[in-house]
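The first chain written gets the first letter, and so on, giving A, B and C; residue counts start at 1 in each chain.
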Amino acid sequence: MSIEVRQLSKRFGDFVALDRVDLSVDHGELLALLGPSGCGKTTLLRMIAGLDRPDAGQVLFSGEDATARHVSERQVGFVFQHYALFRHMTVFDNVAFGLSVKPRATRPGKAEIRERVMSLLKLVQLDWLANAYPAQLSGGQRQRVALARSLAVEPKVLLLDEPFGALDAKVRKDLRRWLRDLHDQIHLTSVFVTHDQEEALEVSDRVVVMNHGRIEQVGAPDDIYESPASPFVTHFLGDVNLFHGRVESGRLTIGPFAHAVNGVDDAERAVAYVRPHDLDISRLADGALAAGRVAHIHAVGPLVRLELQRDDGAAIEVALAKERYRELGIAPGDLVYVKPRKLAVFPDGQDYVI
Amino acid sequence: MSLLNRQYSMLPGFRLAFGVSLFWLGLIVLLPFAALIVSTAGMGWGAFAHTLADGRVLASIRLSFATSLCAALINSAFGLLVAWVLVRYSFPGRRLFDAMIDLPFALPTAVAGIALTGLYAPSGLIGQWLEPLGLKVAFTPLGIVVALTFIGLPFVVRTVEPVLQGLEKEWEEAASCLGASRWQIARRVLLPTLLPSLLTGAALAFARGAGEYGSVIFIAGNIPRVSEIAPLIIVAKLDQYDLHGATAVAVVMLAISFVCLLLINALQWRVARRHGVGR
Amino acid sequence: MVERQLSNREGRATRGLLILLAILFLALFLLLPLYVVFQQALSQGLGLYLAALADSDARDAIRLTLLATSVALPLNLVFGVCAAWCIARFEFRGKSLLSTLIDLPFSVSPVVAGLMYVLLFGVHSPLGGWLEAHGLKVVFSTAGIVLASVFVTFPFVARELIPLMQSQGSEEEQAALVLGASGWQTFWRVTVPNIKWGLLYGVILTNARAMGEFGAVSVVSGHIRGETITLPLHIEILYNEYNFVGAFACASLLTLLALLTLLAKTLVEWRQHRATVRAGEQTLDLRARALTHLNRESA
């Protein structure tokens, strides 16, 4: 089932949680809503589920207006951030709940419920825990029970609120991969909320970056990472260096450095954003973006991180492959020059406050 | 819904639950209060003043609040002691005593009243030992204080206990490592932290004590101007079909209780704020 | 480490003294009154004790007390659940006012409560007069006693449930609704099992207070023998007639009720505590099973 959101708005008192948001989710897609806390991503998810009601706008399921439909009639699966498992029921009863509350006419028989629940538990690899209570499970197990429970009613859409938020780093990574595999297996239209850019980029088909109740950018993980549409997205997706200059007739100039940029309007003040691994280091000043002295070297792991100190005191971060670093033979205190392989330019003054 | 300006929630049943609550609240609590207000408004200042000019009435009101204050003070001291001992030390019978703390909540007041009278009457189990010492408890204001101490006992203990449990021992140890003596720790560290809850407990005990009837009337002896409490005056006036008089006394009692609670709340708020204890 | 702890605690003597003082205080105020009730009730032998309880007035009083409680209890139970559902689950204007009004009966003297009912339903009041004309008597009748019992026990259930439900949050109920459950299904299958212990505790307290209420009931009762005398009022009458054995015999019944209440309360708390401990133990058990499961899978 496809989902479409039209001009959705929501305020909580003076706080604008959603500001005329438009979004469409294709059938069978796995979509990530990414943004800092308070950006409105969870509110958007809850409105799709019917757990909150919008002040204005529409939610459409397969082209049909579902805005007024009650949550229990939307046929969505919702996995809560803290799982919301029924603490007085066993894992089995938790998963069976959705089936057992169906009206008598459509309720499957006891044996059928049992079979469906057990096959779901097998799917999430927890069939051996059917008689345990939620309090006895680890975080990752609870998460998978919650998922099985939401799948039991055969929802048309699966919605997950910070699905890995409450887990520790190792379990997070495993579950992430597992969720991706599961999605490839069952192909259910799925939307999940996260504040972790790595998670969003790794798991989803498409990423929606949100800030201040608005959508900043929608696109495939690659596109978003490689060509961020705004300073905010650039900032939010990882470490970045800032260089101030100006744009004149399609050319960015920062001091002696010049670079052709397409599609950027002329601006008296512009900012170039360069990621640490998109900077190369040279001992020659020729064509360099900036110069700095090597202040710190962190050489652990495959990438070497250098911190350069500019004349004005500002720091530049560079990430180099270990081989390149050995080749250059850099030592603390050396004066070096940086050249960008890739940069994103935006007019200055554009809001990128997180 | 728009009338109540309720935020949307997908949980069902608000109207039903709210309707039932409001209906029951209105019938059981608000309607009787309205009756009291209407009667008070209808009787005029004359009847009011006439009732309150009676020295016996004034004495009873003074007695109710004074004995209740005494009992609340006793309970503050002993309640703190009991809570401390129950939380900090282990000794045989500790759990039994802990469970027994709520007895005054569970024991009907009339039973408490006759039991305490049985204890403290001149021929009673304790009274017979106090009599030769010239100490009369039953049928004097002292007896009222005893009964109100019994009634108010759980309030202080039960409000202080959780705070004491939550108080970290390390904190105390840190203070003592800084060279503070036991007494200094108790006075400068423990007491300020416990003060808000202690005040709450004492205020609850005080409010309960001022209006207490069942446990007091047996042990008080009800001697006019000496050991006659205000609730008894109300009952007596009702027995004489003096509805106006009873109402006047009730309203004055309610007003005094209300002012006391407001003052205590304000004090509590200040104490909590000064010591930075979030409440 | 050990030394520091020792030096930091009160000396043995101080500790002993504090414990002794506390025990003396509790014994004086809690144990002795209990002892006196049974000692006085049995002072003339078991025969007279039983005779006092078998007395027809006593039996009428017991019957009325049970009747009033059995009406007041379910009514306040329903109200308490409704009020807790509103306050712990919804945001609405006037919420704190509602919460304050629920507590009001706690801060009113029982005698004043009784007086309010006399003012409302007495023969002199318009409402009372009208009801009387239609053959319904509230004051000096069973109805008044029930109303007074309801008033004094009004807040108990709600007071127990509100903090409990607030701490549990509404996510489980939301989850049930997303899974397609109806409102009632959610309430009976998710809410009630989660609050059952708090509910039971509220019921225990309500029951104890309703059976033992004296002041408010005394005012509205009118003391009509065999008709409007509850057990506590019966005790007063016997006591004032210097029938101490009878008074204490009836008092011993209510004392037993109080002790049962305390026992039930302790059991409820103990069960809650045990539930968490047992969950912990079973987790260990599950860890062991998880290991065997993994071994089996890898084999």
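Methods note: a contact is a pair of C-beta atoms (placed from the backbone, for glycine too) under 8 Å apart; a residue touches a chain by one contact, two chains touch by 3 or more.
Keep in mind the model is a prediction, meaning the values are calculated, not measured.
Student: What are the two chains with the top count of C-beta contact pairs?
Tutor: Greatest count of contact pairs is found between chains B-C.
Student: Farthest from chain C in C-alpha centre terms, which chain would that be?
Tutor: Measuring from the centre of chain C, the most distant chain centre belongs to A.
Student: Averaged over CA atoms, how far is the centre of chain A from the centre of chain C? Could you give it in whole Å?
Tutor: Averaging C-alpha atoms per chain gives centres 51 Å apart.
Student: On a C-alpha centroid basis, what's the spacing between chain B and chain C, in Å?
Tutor: Each chain's C-alpha centroid was found; their separation is 18 Å.
Student: Centre to centre, by mean C-alpha position, how many angstrom separate chain A and chain B?
Tutor: 56
Student: Could you list the positions in chain A whose residues touch two or more of the other chains?
Tutor: 51, 71
Student: Provide the list of chain C residues touching at least two other chains, using ranges where the numbers run on.
Tutor: Correct list: 174, 177, 182.
Student: Spell out, as numbers or ranges, the residues of chain B touching 2 or more other chains.
Tutor: In chain B, residues 10 touch at least two other chains, as defined above.
Student: Under the definition above, what is the set of chain C residues touching chain B in their complex?
Tutor: Going through chain C, the ones touching chain B are 4, 8, 10, 15, 18-19, 21-23, 25-26, 29-37, 39-40, 75, 78-79, 81-83, 85-86, 89-94, 98, 101-102, 104-105, 107-113, 115-120, 122, 124-125, 127, 147, 150-151, 154, 170, 173-174, 177, 182-183, 186-187, 205, 208-209, 211-215, 218-219, 232-233, 235-236, 239, 244, 247-248, 251, 254-255, 257-259, 261-263, 265-266.
Student: Where on chain A is chain C touching in the complex?
Tutor: Within the complex, chain A touches chain C at residues 49, 51, 71-73, 75-78, 80, 82, 84-89, 97-98, 101-102, 128-129, 132-133, 135-137, 149-150, 152-153.
Student: In their shared complex, at which residues does chain B touch chain C?
Tutor: 4-7, 9-14, 16-18, 20-22, 24-25, 28-36, 38-39, 78, 81-82, 84-86, 89, 91, 93, 97, 99-112, 114-116, 118-119, 124-126, 149-150, 153, 172-173, 176, 182, 207, 210-214, 218, 231, 234-235, 238, 243, 246-247, 250, 253-254, 257, 261
Student: Inside the complex, what are the residues of chain C that reach chain A?
Tutor: 171-172, 174-182, 185, 189-190, 193-194, 276, 279, 282-283, 286, 289-290, 293
Student: Where on chain B does chain A make contact in their complex?
Tutor: Listed in rising order, the residues of chain B that touch chain A are 8, 10.
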